[in-house]
Each structure stands twice: as C-alpha cells, then as structure tokens.
Amino acid sequence: MFGQLLIAGIVHGLIIGLAALAVTLVFGVARFPNAAAGDTMTVGAYAGFAAHRASGSLLLAGGAAVVAAGLVSLLGYLLVFRPLARRPVAALLVAAIGVAFLIRAVLGLIFGHQQHVFQVPLAWPIEVMGIRIPPMDITLAAVAACALAAAFGVLHLTSIGRQMRAVADDPDLARVSGIRPLRVMVALWLLAGAAAGVAGLMLGVKTVVSPEMGWEGLLTAFAAAILGGIGSPIGAVAAGLLLGVAQEISTPIVGFTYKIALAFAVMLAVLLVRPRGLFGRVEGVR
Amino acid sequence: MSLSVRGIDKSFGGFRALEGVSFEMPTDGLLGIIGPNGAGKSTLFSVVSGFIAADAGSVTLDGRALDRLGAAARARAGMVRTFQVPREFHHLTVRENFMAAAPGQSGESLFGLFLRPGRVRAEEAAIRVEAEATIELLRLAPVADTPAGRLSGGQKKLAELGRALMARPRLILLDEPFAGVNPVLVEQIMERIGVLNARGIGFLVIEHDLGALSRLVPRLVVMDRGRVLAAGAPQEVLADAAVREAYLGGMPT
Amino acid sequence: MEAYLVAIAIIGAIYVLLALGLTVQYGLTGLVNFGHVGFFAIGAYASALISMQGVPLVLSFVCAAAIAALAAWPIGLVALRLRDDYFAVVTLGFSETVRLTITSEKWLTNGVQGIPGVPRAFAGLGVGMPGALATLGAIALVCLLAALMLRRIAGSPFGRVIEAIRDNEDALRALGKDPARFKIQVLALGAALAGVAGAFYAHYITYLSPDQFIPLVTFYVWMAMIMGGVGRVSGAVVGALLLMLFLEGTRFLRDLAPDLISAVDMASVRLGAVGLALILFTLFRPQGLVGDYTRR
C-alpha cells in the first residue's frame, strides 16, 4: 500500500515539480508569484488533448502542450507583465490574477466546461517488487524526466540560460526587469510556460482535463516553489517531489480534500521558520 | 551620556561589509562619518539603527544596550534615522508627514479613536502646533500642504529631517543630508542642524561633501572597506596619509 | 420589478460592505488581501450556525463579526513578517483552506450539500416585500455606519499611520512606530466588515454552500474597489455599484439570448470580463474611474 502511494506520489510530485519550476523561474527573475501559472498548465493540457485527439500521438500532444503554453506565457509577459515591470508588486499580482481568469474563460468558451479524458490504450499494470505500476505512470515519469532534462539543459548549458540564472542570483537586477535584455526575458517566459504546459499535460493525462484544473494546482505549485527556495530550479523539483509524496501518503490519514491544506501548511511553515526554503538564497521575505 | 558603538562586524555571504567598527560620541554631540563609496557607511547606519542585525558587536545609547531591540524600539529609545534616498510618505502632505511622526498618540489605536474622542482632539491640536513650528523651522511653509511625493529633492531632504525631529529624538542619524541639494540649501540645512544641536539634539552625519561636513562637525570618523581608518578633528583626519590615499584625490580644496 | 430592484440593492449593499473592508486593508494600508472571501464565508457560516441554535439574529451577527475578526488575528501575525507578494499568496491559501474546511467538516457544515433553511432576517414580516425592504433598510443602515466609521478613520491619526505604512513602512519604523500593531487592527476591522456582510448574505439567501465562497468573489470585490477608486470610501460604494451593473448586465445579456449563450458560457464570459477588467485597469487606470487616491 505504501509502495503504491509512493509511486503515485512520485508521478504527482513530478507534475508539481514542473509547475513549481515554472513558478520559481518567474518568481526568481521577474520577482512576483505568477498566479497565471496554473492556467498556463491548463492551456498545455487542452492543447495536448486536442493534438492527441487529432493524431493519437502523445508525442505530438507533448509538442503542442509545450508550444501553446509557452506562447500564452510569452504573450502574457509581452502584453501585461512587461509594461508593469516598474510598478509595485501589487499591480503585478492583480494583473496576474486577471491573466489567469482570462485564460480560463477563453478555454472554457472554446472547449466547454465538461471534463475531457485522454483516450489512451488500457494496459495492465506492471508489477515490480509487489507494487503495481501503471505503464502510463512510467511514460509520464519519462516525459517529466525529459522535460526536466531539457529545462536544466537550457539553464546550465546555454548562454541564455546562464544569463537567466545570473539575473536570478542578483536581487538588484531582478526587480528592475524592464531594463533587462528582452531576449533573456522572452526565453525565460517561454521556458516557464513550456514547463507549465508539460505539467498540465501530465496532469490531464493522469486525471482529467477541465478548465479549473490548473488553478486548483496553483497553491500546491507555489508551496513547492517556496519550499524549494524561490529562484532555485533544483529546489522546485525536489520540493515538488517531496510535497507530491507527502500529499499522497497523507491522503489515507487526512482525507482527500485536505491535500491542498497540507500544501498550505507547508508553505506557511517555510515562510515563518526558514523563508529561504531548502535551496534558496538568503533573501528576505520581509 | 553617549552613543557607544563597539566592534561591529557584518558580512553578507562572503563579503565583509563591516569589520570591528567602533566609535563613540556624546548623545548631544555632532559626529561625521565619511568614506569612499562602498566603505560601509550606510550599512553601519542600518546596523546601529536596528534595520540590519550585526554579526558581532554592540550598540549602547545612554548606557542602555540596544542590541536586542528592533528598529522601531531603538527609535523610541531616542535614536531616529533618516534615509539616503528620502522615504517620505508620498501621498501624505508635509504637514501630515510631520504629524504622523509624533509619538504617543491615542488616536492611533481604534479604541482610542472611538472611545476617547476628546483626548484625541486635544492631542491633534497640540501636535498640529508642533508640526507648524517644525515647518517654520525648516522653512517649508510654502509646501506644507503639498503631497510629499511632489517635493523637490532638496525639499524632501528637509522634510525627512523635520519628520525625524517630530519623533522627539535624542540623536538623529542623518544619511547624506546634502546629497543632490543645491549649495544655498546646504548652508540652510547646516545652519538648522547647528540650531538644533544647540538645543541638545545630537547628530551623527554620513556625508560625501567633505567641505560642508568639515565645517559642521568637530569630529570625523573615516571609514574605508568596512573599517575605521581614522577618527579625530577634521583638520587632522583629512591630513592623515592613509585617509588621503583611501580617497585617491577626492579631497576638498 | 420592485422586488428585483430590492434584491439587487441588497446584494449591492453586501458588496459595499465587502469593498469597504478591502478598502481599509488595501486602499488605506496597502495590504494585498487575496483571501477576503474567507472572512465572508466565516461570517456567513458562523451567523447561520449560531442562529440555528436559537440565538437571536442581532447577537449572531455580532458573533459573526467577532469570529471573523478573530480569524484575522493569526493572518495578521503572519502578515507582520511577509512581503506583499508572499502575503497575497498566503491569504489566497487561507481562503481556500476555509472553503476546503467547510467542504470537509460535514458534521458542522453539511459539506457540499450546504445548509438550507438559514433563518431569514425579519422573518416575522413574511417572505415578501416587507421582509425584503426591512432587510434592505438594515443593511443600508449598516453600510452607512461603516462608511462613516471609515471616513472617520481615514481622517484620523490612525488613518494617517496606516497610510504611512502603505507609503513607506520602513520609514515608519525609523520613527519608532511598529507597523505590526496597526496591520493586525486593520485586518481585523476589514474581516469584521466582511463577516457582517457574510451574515447578511446568509440570512437573506437562507442557503449556504461552500461553492458560494470561491476566490472569484474576492476578485469581484477587488475589481469593484479598483474600478471605483482605490483608497477612498466613495470608491468602495461606486465600485460596488459598478460591480452590480456588471453582474446584472451580463445576466440581462444572457436573458436576451438564452439559446445563444448557455449558463456556463455566461460564467466564462463573466470570468473573462473580470480578468480583462483587472488587467486593463491595472495597466491603464490604476486610480480607478473616480480618480486619484491621494485626495480623500
């Protein structure tokens, strides 16, 4: 039983980790918690769903998710967040909520409110050491691993990635994102969007696709990003896994509804006790 | 009665901002702190005033150790600081800025406001008088009812000083009061500081304008790269070889 | 027709109370409270549950306000230590946790099924117009009192300090005043107003369920406050009015063409319109329709 929950937790955790990666990238560089990250995930899920329905290929679905979510994320930056760069963070917070709502509304109008399910072939669970693992979980884990590898590849092996990390490391540069080279920011928002898109697709495959799905995962993604340390991609993924496993394991004890409450409690605890999280810089939350 | 700063150390990550900084001044005295950019002057202010915690060392005011007190508590103990870039309450008028600074107002609690209206009214009247006097002292009457955010740089500096005064301090920490201010206003500010000092308020002043500072204070502390380089009367200190070297030609005529 | 007007006036007045609460928190003090609906929910459920134990309504209203204010206390303690952005996220989490708790603790709240049969305000006057008018009168009176109270606060030393906190918190600390005390009072006050609004809501609608207390409600109030003019008491009133125009206007639209636009589509249109309003006002008109908030 524990093993079962552990596996579910790992997959769940990878999804959270990718979403948290999207959050932490933007939070670390543009210096605000992007409330539209959740609905960007939903974009990825719907784009992937549409692509999969048309072609039957999960690979294409992944591509569609990455492209659609990345573009939506970039549009949000260019049209809304960039013009607001010098304003107090409250403006960015409110605008992000606005973007989130707008995305969700458009998706609702295009695709309707009913839940959609990915038509994937049924397959028998594979048994490993007494634990039954659905093959889809393995596929999803592989997808996540690839996405993470690609993301970290960009961050550590490309020059633009290095620039991104440099900006995240230097708090003084970070808040004045309006004067930073456009290229770095474009790459950042594309990357964050892509990560969110993959997370959304995975979530859609694993559960269902609905307009609310991303927003529901937002708080958990924030919690993971904070636990991992804002601005630390490694932290986001690690914290995502931790949180995912913790949520799954605690479900038999606290019940289904309180999963999000657990994430909230973790977030509060981190902010009050060790604000920089696991891997973050020593930077104030005050 | 003095401000005593002993052995202050502060590092940010690997960078040592302050190392063994010590000095002393009478609470109603005048002390200047100078040094090139990056010497740690503002960091020292932030540590002394309680905005940043030191790694080591102590700050004592009139015999009372301030080390465990936060910034607001230290201000209440009598040490009020200003900021290098003025931090005016930009939507409030100059008058309101001043009135907001006055301590001990019962009208600042919801209970006091609604349950003791008479007392609040009386206090407001008294504070208004005090604010008016401060406005007069700093010659800010023309802009007294202008939102502070709309003032010129020099006026903001004056307002910053005025607001600090309204908090009834024993000692004011002035962070670059003359920066970006026109020379006539600089003279005015120096004169006002002199007047206030004569009334018993001490001043610890960070400045780059060595000329003005040397005329204002009887003693200077020179800092460089987180350490105290020299301390003493302006003439001696500015003639010191190490000090000249630190400044690399940025000396006043 | 009159019944309809009274109904929207009551709902509008509820939003006025909510907007006043948010105005004192964000407009005057600068606290980015994204969890306002949480206090609304606490007030509604508290008053409903307490009055269903036989307690007279007036008392249950007072309890609702008090409990909501008490709930703000731990949030306040957290607020002291956090920057705007973290505070916003935490308050959002708070309101969602409230909603989830209501959903989960079925023994208390009946969960998703909700609580029907909440005692109606002025039940003695019957179900029709007299009762509704009395309710409207009561809530209008409370709105007036709240507006006057806020006006008094805005012009007072307390109001000065909280605006100082909004403008430059560190400068206030440098003057010897700790923002913490004030933030807690402000949060409690705003929460109490939201709690009273919740109580009125409960005893007017007479049916409560957790779905009525989703974050969208918080952002309706934000939209109202932004449109009306942040930081002004009049802004809260104007904003609530505009919000009602928006909500009823979109309902009319749908009534005109029920086949063209389904109910769920209308929900999406509303959501999108709120989102767009938040974006556009933030970008182009942050001071709201009524204007610059430097003058009261």
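The chains carry the letters A, B and C, assigned in the order they are written, with residues numbered from 1 in each.
Simple rule for what comes next: contacts are C-beta pairs under 8 Å (C-beta built on N, C-alpha and C of every residue); 3 or more make two chains touch, one makes a residue touch a chain.
Every value quoted in this text rests on a predicted model; they were computed, and no experiment measured them.
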> Ranked by contacting C-beta pairs, which pair of chains comes out on top?
Replying inline: A-C
> What chain sits nearest the middle when you go by CA atom centres?
Replying inline: C
>> What's the distance between the Cα centroids of chain A and chain B, rounded to whole Å?
In response: 46
> Can you give the whole-Å distance between the Cα centres of chain A and chain C?
Replying inline: 30
>> Can you work out the whole-Å distance between the CA centroids of chain B and chain C?
In response: 42
>> Quick check on chain C: which residues sit in contact with 2+ other chains?
In response: none
> In the complex formed with chain B, which residues of chain C make contact?
Replying inline: 149, 152-153, 156-158, 160-161, 163-164, 166-168, 170-178, 181-182, 185, 189, 293-294
>> Under the definition above, what is the set of chain B residues touching chain C in their complex?
In response: 49, 51, 70-73, 75-76, 80-83, 87-92, 96-97, 99-101, 103, 105, 107-110, 113-114, 120, 123-124, 147, 163-164, 166-167
> Tell me, which parts of chain A touch chain C in their complex?
Replying inline: 31-33, 35, 80, 83-84, 87-95, 97-106, 108-109, 112-113, 211, 219, 222-223, 226, 255, 257-258, 260-261, 263-264, 267-268, 271-272, 284-286
>> Considering only the defined contacts, which chain C positions touch chain A in the complex?
In response: 26, 30, 32, 34, 78, 81-86, 88-90, 92-94, 96-97, 100-101, 103-104, 216, 219, 222, 226, 264-265, 267-279, 282-283, 286
